[in-house]
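Below you'll find a set of structures to go through.
What follows is chain A paired twice: with chain B in the first complex and chain C in the second.
For the complex of A and B:
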């Protein structure tokens, strides 16, 4: 090896790029390049089979923003978020506080397993069960409702109810993960702190609110952030297997709208424009979370 | 005990492992492989039996079954993606409604070009004369019309007789049917009627009222006065609380459980419905509208060839020859599809009404025109669903439907 090569190798070996390089390359290849391609594609009509592109300028953005189905998907995304965020964070939080106070180990384990079990199912498997429960004529829910005098509901085909049916299933399917996160966080709360509070006469409720909750706030913040991602993203699985966005798009959301434009109707230019708009919305939500949410998090 | 591996052995072992990946599939056997993409589930489905019976003949062609979805829309979407990736299906059961899309966008092959006019003629001559025109999309023969069904009424005979209705009654019009359904519902407490909410059954109502969904020139005309009349008749039982709207899987499950008196659905659904139904079941022809000539539609799928490889095209032809033979079609009729061939095969029990409806003449299923036909179909179903749910009046809904589809066809 010549002196020049040796010098170059020494400089490279001492350089942070040697270590960061593979990660940066992967990020460029699998994140930034697809994002740039999507942005570029949003200005074109692109035929999948002919592999031809036609310049459309901002037409896809104008078309999407004027599309009533996009408006409906945007509103529905808000409804999903407004309903599922409190449900998927609040209920597991309350359950976690209750479960850590269960003294009998076997009972505690049984509850945890039963509550977490739906999270390990895939949406298609869960849907098989729920489609039977939701059947408007022979389903369990209407049979149960009928027993107490409630009129039968069309859970998946009534435009006013379908979105709530998806919310029920999405909640049932996903709340176990947050429960696990909260249980793990509560297990790490130092016992000397809670013990001291108990000796000072703090009630279990006071201990939970004033001591344990602040101490698990990083986990709470994490759960809020991941739940928003789940609601924006993974709920597509529930929508697809239960209602396919129907009846007439009333249970669709932004991601499902994107999926339909791209992979059902093969309007890739339009789908790319929708993807860019969704990315902008998600960026805004994430900024708001960190701007307003993180100040309540105690990392010490 | 360790043992050194020689370079020669290592090379041979590596080559053996890599061979299935590196070598083309065709070179692994002498047969030409022709994959058939379809939507039929289950190892016992007649499509598996037809394929097995053909493969067992050792013609030098092996048909490979590939279920790629459960609806025509899904398999078409997946086919489009696989064609774009250069791995398109050799053959696919293509929904009639997507015929234009299959020809213009997916590139379904013209039989005359790939088989030659004489062989095409010989193949299609095996079908009944009234069916042959349906095999052509825009005048181009691109499919074997092997799967044809028609809407029929499935009557729960146990509930029907329990309600005091004549066990042999066959209402010819919806005006006759609806009072009977009312009686069944009032006397048994079960849901009287259920219709499919899709594009196909409403088409029957539109046509029987004298209208059309798309006219002969490919223009949407589903908002004509006749079409409005047809859809009014379609939604009437929903307004009269005789029909609780549900999805098709929900409807079939409820019907099989004996919770619905009368269900309107495809005659091809018969084998599935009978599997779990524990009551007497009777199929009758779909009623028309009083005072108007019957104009029932057909539906189902045709077998189209997408491969551009000559060997695969010839293999597809051999398979089609077998399917249209008496032996092949007898197996295929187990599905509940109609005997559309000239083969002398006795009508299967339960298929009499559907077969008689076909003999009376069927129109083709609406073929959604243009490169965005698949999207137009979705839009149409959305408007029909809105109308059924009472979210919009029938005339307004159909007018908006036409306007939306006009735009998509023009795009």
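For the complex of A and C:
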């Protein structure tokens, strides 16, 4: 090989694009391109079998927005959010504040390990474990309830209760992540700040609320985002295993509605419109969070 | 923190109660998995069955191809982890230490995937996978999942950036090309970050639900996560709870063990994902 060739080869092999190219290609091919296609698909009727498209304009959006099942899914998603946001942010926050005040550090780590354990499981595994606890005849919950004189509940088939059962499972399976986020943030709070407050005679509660809470507000903000992701996205694994959205769609949510339209009824155009609407809601909530965050979150 | 001795005791009691409550469903899964069949259908509150047995595990393997599901899960999670790292490590290296035109734009393109809810990619990806004949194959599940590597690239770039530049200067003077610099100099210094991302990717891939559920159709191609749903819904009336809990235990075991072994790396990875 001549030196010129070798030089060219070396330049090619050392090109930054050879390093970054595969990741860029994967991001475009599997994220950005499908995202654009979903938007396009939502304006068409499209069948996987015939592979032909008919222009429908905004019909799928109109149809979806007028669909009572969609309304129910939307309202349920609101219920999931309204229940899980305070639970998933509040309880881990209290646990984190308490955990950093445990003086025996090794024991504290043990608590953290135990509290985070369910969070490494998948939603279907968590759901199956609870499916058994919820069993109306021999499940543990009704056995326990019976022992203290409570009537047995139909945890997953009573329309008034089913969604709350899914909420319990979702909380159990995912509060640990927010706990870790808060603990990491609290570990970064400089000790001289809390020390100064302590010397000034602030009670532990005042220290937590007046000093630590503002300092970890970015983490608080992020915990809200992770919870929204759980509700709009991951929870579908629990819904599908526990209730299949039932009874009478009372525990369905937006993603489950999309799954039904797209993959049970194969209405791809309509499902694409639902996907766009979900993404718009996620984007809207995130944007609102950022707007709110900019004014109230203390980044430092 | 100023807490008197007594309040420390209250704190410990509260945490012990919280931990027991959190772990209880897992204990109950274990108990049922090892309980003899007649014991499962007894309404009971005893924490451990008399005559613990492995019968539920053999029954699970008889009822469904649980062994195949387990292997499929390992293959899918392993391949996604490997694929993500294979594209992310060089990309992160390029974004961290090389300078080239369009770098920042391309970096935004890759890391921006973190902000895209995967719901909106689901349908076209499904159609594409189906139309190139990868429906109902593990390859069809694995390949598109590699595209969601934004966080891995972001995290590894931070790790590469933290290395001193002199490290690379010295190597360059010695005539090492960028690939050698990455593999022999940079990578050995950031093994902790790579391990954290490997564990995080493996956990995420092991726990995937909707995507493999859409792509994998035949019983023997399923992964454990989606096989569980099949198992839970096809049991006779009354359900095969013992074998089902044995299968759930098999699905939980690898990730729980991984978590216990790599807890430090995982916590740092999750914590960063929170600060980002």
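To be clear about the criterion, the second predicted complex is superposed on the first by the 266 of 300 C-alpha atoms of A that agree within 3 Å, B and C clash if a C-alpha of one lies under 4 Å from a C-alpha of the other, contacts with A are read in each partner's own complex, and residues count from 1 in each chain.
Convention: a residue touches a chain if its C-beta (ideal position, glycine included) is under 8 Å from a C-beta of that chain, and two chains touch if they have at least 3 such contacts.
Model, not experiment: these values are computed from the prediction.
*Asks:* Using the touch definition from the top, say if A:152 reaches chain B (first), chain C (second), both or neither.
*Replies:* Only chain B is touched by A:152; chain C is not.
*Asks:* Between chain B and chain C, which one contacts more residues of chain A in the superposed model?
*Replies:* Higher number of touched chain A residues: C.
*Asks:* Report for A:90: first if it touches chain B alone, second if chain C alone, otherwise both or neither.
*Replies:* neither
*Asks:* Once chain A of both complexes is superposed, is A:136 in touch with chain B (first), chain C (second), both, or neither?
*Replies:* The answer is first: A:136 touches chain B but not chain C.
*Asks:* Output check: A:284 vs chain B and chain C. Expected answer is one of first, second, both, neither. What do you get?
*Replies:* neither
*Asks:* So in the superposed three-chain picture, is A:103 touching just chain B, just chain C, both, or none of them (first/second/both/neither)?
*Replies:* Touch partner of A:103: chain C, not chain B.
*Asks:* If we overlay the two complexes on their shared chain A, which of chain B and chain C does A:214 touch? Say first, second, both or neither.
*Replies:* neither
*Asks:* Which partner chains sit in contact with A:78 here, chain B, chain C, both or neither? Use first/second/both/neither.
*Replies:* The answer is neither, since A:78 touches no partner chain.
*Asks:* Which of the two partners, first being chain B and second being chain C, lies in contact with A:276: first, second, both, or neither?
*Replies:* The second partner, chain C, only.
*Asks:* Kindly classify A:249 by the partners it touches after superposition: chain B alone (first), chain C alone (second), both, or neither?
*Replies:* First partner only, chain B.
*Asks:* Intersection of chain A residues contacting chain B with those contacting chain C?
*Replies:* On chain A, the residues that contact chain B in one structure and chain C in the other are 48, 51, 131-132, 135, 137-138, 263.
*Asks:* What part of chain B is in contact with chain A in the complex they form?
*Replies:* 73, 77, 80-81, 83-84, 105-107, 191, 197, 244-247, 249-250, 253-254, 257, 259-260, 372, 374-375, 378, 382-383, 385-386, 389, 391
*Asks:* Which residues of chain A touch chain B once you look at their complex with the stated criterion?
*Replies:* 48-49, 51, 131-132, 134-138, 152, 154, 156-159, 246-249, 260, 263-267
*Asks:* Looking at the complex, which residues from chain A come into contact with chain C?
*Replies:* Touch residues, chain A against chain C: 10, 13-14, 16-20, 22-24, 26-35, 37-38, 41, 48, 51, 95, 98-104, 107, 111, 113-118, 120-126, 128-133, 135, 137-138, 140, 142-144, 146-147, 172, 177, 180-181, 183-185, 194, 198, 204, 207, 218-219, 222-223, 226, 229, 232-234, 236-237, 240-241, 255, 258-259, 262-263, 268, 271-272, 275-276, 278-279, 282, 286.
*Asks:* Considering the complex alone, what residue numbers of chain C touch chain A?
*Replies:* Residue list for chain C touching chain A: 1-3, 8, 11-12, 14-15, 18-19, 22-23, 25-26, 28-29, 32, 40-45, 86-88, 90-91, 93-95, 98-100, 103, 106, 109-110, 112-113, 115-128, 130-131, 143-150, 153, 177-179, 182, 203, 206-210, 213-214, 225-226, 228-229, 231-232, 239, 241, 244-245, 248, 251-252, 255-256, 258-260, 263, 267, 270-276.
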